[in-house]
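Same chain, two partners: subunit A is paired with subunit B first, then with subunit C.
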Partner chain A sequence: MRSTTNTIWAVFGLALILVLPAFAGGQWIKIFTSTTTFAMAAAGAGFLYTRLGMVSLVQVGLMGVGGWVTLRLNHAFNFPFEINLMVAGAVTMFLGNLIALPALRMRGLYLALITLMFAAGLDIVFTAKQFPNGAAGFWGVGTTFAADMRRPLLAQSDAAYLRYTMVWLVIGFVLIELHRRMAPGRAWALIRKSEAAALASGVNVTLYKTWAFGLSGLLAGLGGGLLAGSLGLLDSATFRASESVMLFALVIVGGARFWYGAVIAAVLFRVVPGLLNNWGVDADLSLVIFGAALLHAVMTAPDGLAGQINGAVRALIPGGKTAETKSDKKGAKA
Partner chain B sequence: MLKTLKTTGTAMGLIFAAGAAFAAPNCGANTGEAATGTPIKVGGIHGNAAPGDFSSSTAAAEAYFDCVNANGGINGRPIEYLVENDQWNPELASQAASKLVVDEDVVALVGNGSFVEMSVNSGFYKDQNVMTMAAACAASECFESSNIVSTNQGPLPSSIGAAMYMVEEKGAQNVSCIALTIPNSGPWSCGAAVEYMESKGLSGTGVYLNPASPDVNSGLLEAIASGADTIIVNLPAGLGIAVLKAAEEQGLGDAYQWASSTPLYDRDVPAALGDYWDGKLFVSAEMTPWDKGGEDATNWLAVMDAYGEEKDPRDSFSQAGFLSAKIFVDTLLGMDPADLDDRAKVTDAITAISGYESDLVCGPFYVGEADRHMPNHAGTMVVVKDGGFETVRDCFEYDSPYFAPIFEQEVALGLR
Partner chain C sequence: MISIENLTVRFGGVVALDHIGAEFSANVSGLIGPNGAGKTTTMNVISGFLDAHNGHVIVEGTDLVKLAPHKRVQWGLRRSFQKEQIANDLTVRENLMAITDHLRGSRGDKRADLERAAEFAGVTGILDKMGRDLNTFERRLTDVARCVIGHPKMIMFDEPAGGLTPEETERLGDLILGIHDLTGAKVLVIDHDVELIERICAETLVLDFGKRVAFGPTSEVLRDPAVQAAYLGIEVEEEHA
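Our next item is the complex of A and B:
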């Protein structure tokens, strides 16, 4: 049963990667590219929350770091885009580990606050130092014309770049799924149930918690690097601490338990304001919509919109009405 | 009898006054008949969000296009002007440009005004072979890229002009320039003003505010701490007024000399500043003063009154937006009507503009094929006086090595 659903989703995802860039207009290709990069960060936050119950409010800030590193390397060396992106991911993975270390003793709200403080710190650095635009020096910020951002050889056009970003998102999801199915996944499940039990079973809690934060940081960094490749230059306004909080809230709305919850979160984060802009409505109205959606999720849909979609899909497939489905349906009705 | 004469006289006077104030706008072919053909799509991008509203230029361009459409359009075809807001956000700026150039297939962009849009999109415009006739440019890419040309000067010449006047006429020795921390806008322009000071053996500093949360008081204190005797406010109008209000509260108006780049040359600014700043604030206006009474200056006010909205600012950027739109329309009217939908031909026609005279700018407007464009680089100094502005130095060229390549272009085009 589960494999049927997964196959449906895989076919749907593949179709989307092929069709979406071919038929979307210029503006929507840009919006979908941004959406995809934020989906990577959302996936990181979502998996951290479901697997370990840890709240990371620094995902968008880490995207900024990933973007910074990608831009910096692009302007400093002649490496291919992928190398810059990988290094960016490695840096944010390391930063993720670093945040996790002091956070290990904290749980729940206190852990969330530490990550939020980290995000606020990054916010200040981005505002004060800005993003590299091709000038000399460590910070690489010049006051004249910005240098070119090299895109991947395979993805020079906007449409090809969207496809390229979507492939990276799929790689991100596969990476999370592989972790879930292997040793780290089992360790995380045990830690989530009881840290004491995990310790007693010989699980290295420190290692696996930092590992999880590192993976989440890696995804955010890749997302940030891909965003930098799309725009060519970045602005601190994109990576405010408040954006990290917003993205996390939308992960809850989207549904952290399901991989497509991250996609829904990113769609809410970028497509809804894009739609409002197109309709000539102030995009800030999206904040009101997000607030209402969060209330809805907290009150009636603990698994978010993805949980409700999952329930509906299962109900449609014959023989799929398990106990879990019934509870999901209940949530959907309410 | 006498009373009747008086009444008649007053009535006549009123009619004349009204006639002067509401001179009939003169737009495009000026046929008086509305254009009804297939619209010609033209785009425009402005930035309107905290900390500043840069929609004045597109508002003026829109008013002029409306007037043109009501007066025969371009050979009977109206201009469909599509305006997007980048909200000071690079992502939205990139989306807006894609929407206009790729999805809507506009033949050109006119009246753009932003701190962000040009930095993100200058390469895209080049790739797409579309020209942007901007009007409220505030970033280096506006002036240092091939497919953007602006009727305004941008913050760099404007603040050099302010510094130059304060040095030459007011004996400024040490200037502090307050701007936003956006690298290719604030540090770019204030940096050039500081370089100008240093080239004269004087000193200068730049003070930069965070656009997301501009703290005008601390910016002001930083400027004072630099030991400056003259402070140049190089910010969007709203923030500039906030800085001056903070200075007024601290009683700094007489202790320092005050100047500003063009955003404060706005008809409503003297009233917003109040009597305190009367005679104290010198503004480097990028366009010629509106009370000079030139043909285009009068027409701009008439078009704004007839086709703009009351709330639209009457400022340098509005003048520049009007001028960009007017030059664009005149260029289209000079083209073969069959080529009007061909973006490449429109781009060629705009690139070929040379020696366009208008009383709204001090020198001729031109484009030409070049990697940088800054046709407008001579300005006017005005001072806030009696609820309005008074010209203290008419059209003068700025003194900076920055303009050397631009002068070379002008020599090559036979304009200098």
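Our next item is the complex of A and C:
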């Protein structure tokens, strides 16, 4: 049953990677690329929340760091795009580890506030220093500069780059799923149950919490680096602390327990404001819509839109409403 | 031999454990006392969840107090909780693997060990069942399997019979009695069920208000007037004695 659902999603995802870049035109191709990069950050926040019960409100800030490092390396050295992207991911993974340090002592709301504090700090640095655009010096910011952003050899055009970004997103999902099925996933499940249970099972809680934040940071950094590759220039307004809060809220609306919940979150985050703009409506109206959606999710759909879609898909497949569905509901309540 | 020496724990001005000492040589020993006596505190100090202000817990020449909590598990310490801690979003097999993941050994050895533990506890048939779908007894049995996996040297059960029917308690008692033959581990059991303690524990330590009230063979300890006074709430009226 579960494998049938997964196969359906895999086919759907593959079709989307092939078809979407071919048909999306003009501005939309950029919007979809940025949606994909934010989906990576959302996947990181969602995994941290659903596997460890920890709230990270710094994901978009870490995307900014990933973007900054990618731009900085691009303008300073002649490395291929992939190298820059990897270094960006490594830097944000390290930052994620650093943020995990208070996570070892803080729980729930207090931990969320600490991560928000990090996001606010990054927000100030980005606003003060801006993003490198090819000028001289460490910060590399000049008023008249706009140096070229190199892209991967295989993804020079916007459509190819969208496909490239989507492949990275799939790699991100696979990475999370592999972790879930192996020793870290089991350790995280125990930590989520209770730290005492984890300790009594021989889990090194410090190591695995740090690991989880590192993985989440890695995904955000890769997302930020890919966004930099798409746009060539980044703006500090994209990485405000409030954006991290918004992304997390949408992860809850999208459904943190399901991988496609991250995609739904990112679509809401990037596509809805774009659509409203297209219709000539103020994009800030999206905040009202998201607020209502969050209330709806908190009150009636703990597994978010992805949970509801999952329920509908199961109901459509013959024999889909099995004991598994019931047990999943029980699990969601637990 | 489990040797507890001079164990002291303070919470601010409250002395939760006051220089507790005992040498358990039996294969299955008991730890009893009324609510607030310090039983779970003792277990938490041995597990490493609480730091002792003083004292040692020496098992097979190793002072457990000096090891980090997760290292104690690698050394061979296992425990269960009053409210069993089975992860709901893992299967029974994964709950067991979560322990072997952190132990040394080849994958084949770990698999064989897991199957042996599952068979002993009687959970082989439910290895692929999710934690959230288990009933109370199945959860307890999974807990027993968690405790006997990975060649343990010392196992602690914190009120294992809580919420079980008399028949289930009896079966659990039999399982606990069989642990030493299977693994060679020493077992320490905390429970309010005096019948269970009397049946399975050769030696028993009785605590009250963090102090040692009595220690020795279980039948003798349970007949001790001081124990009856502390544990069973019977007043010792010396004038009538």
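Everything below uses one rule, namely that the second predicted complex is superposed on the first by the 323 of 334 C-alpha atoms of A that agree within 3 Å, B and C clash if a C-alpha of one lies under 4 Å from a C-alpha of the other, contacts with A are read in each partner's own complex, and residues count from 1 in each chain.
Here is the rule we go by: a residue touches a chain if its C-beta (ideal position, glycine included) is under 8 Å from a C-beta of that chain, and two chains touch if they have at least 3 such contacts.
Everything quoted here is computed from the prediction, not taken from an experiment.
In the superposition on chain A, A:236 makes contact with subunit B only, while subunit C stays out of contact range.
Looking at the superposed arrangement, the partner reaching more residues of subunit A, out of subunit B and subunit C, is B. Applying the stated contact rule after C-alpha superposition, one finds that A:144 touches subunit B and leaves subunit C untouched.
Once the two complexes are laid over each other on the shared chain, residue contacts for A:163 go to neither subunit B nor subunit C.
Touch criterion met: A:27 reaches subunit B, while subunit C stays clear of it.
Residue contacts after overlaying the shared chain place A:75 against neither subunit B nor subunit C. When the two complexes are laid over each other on chain A, subunit A has no residue in contact with both subunit B and subunit C.
The residues of subunit C lying in touch with subunit A in their complex are 47-49, 69-70, 73-74, 78-79, 81, 85-90, 94-95, 97-99, 101-103, 130, 132-133, 146. Within the complex formed with subunit C, the subunit A residues making contact are 183, 186-187, 189-190, 192-194, 196-197, 199-205, 323, 327, 330-331, 334. Looking at the complex, you find that subunit B touches subunit A at residues 85, 87-92, 94-96, 98-99, 101-103, 116, 119-120, 122-123, 140-141, 144-145, 181-184, 187-188, 191, 210-212. Against subunit B, in their complex, subunit A makes its touches with residues 25-27, 29-31, 34, 127-128, 130, 133, 141-146, 148, 158, 230-238, 240, 274, 277, 283.
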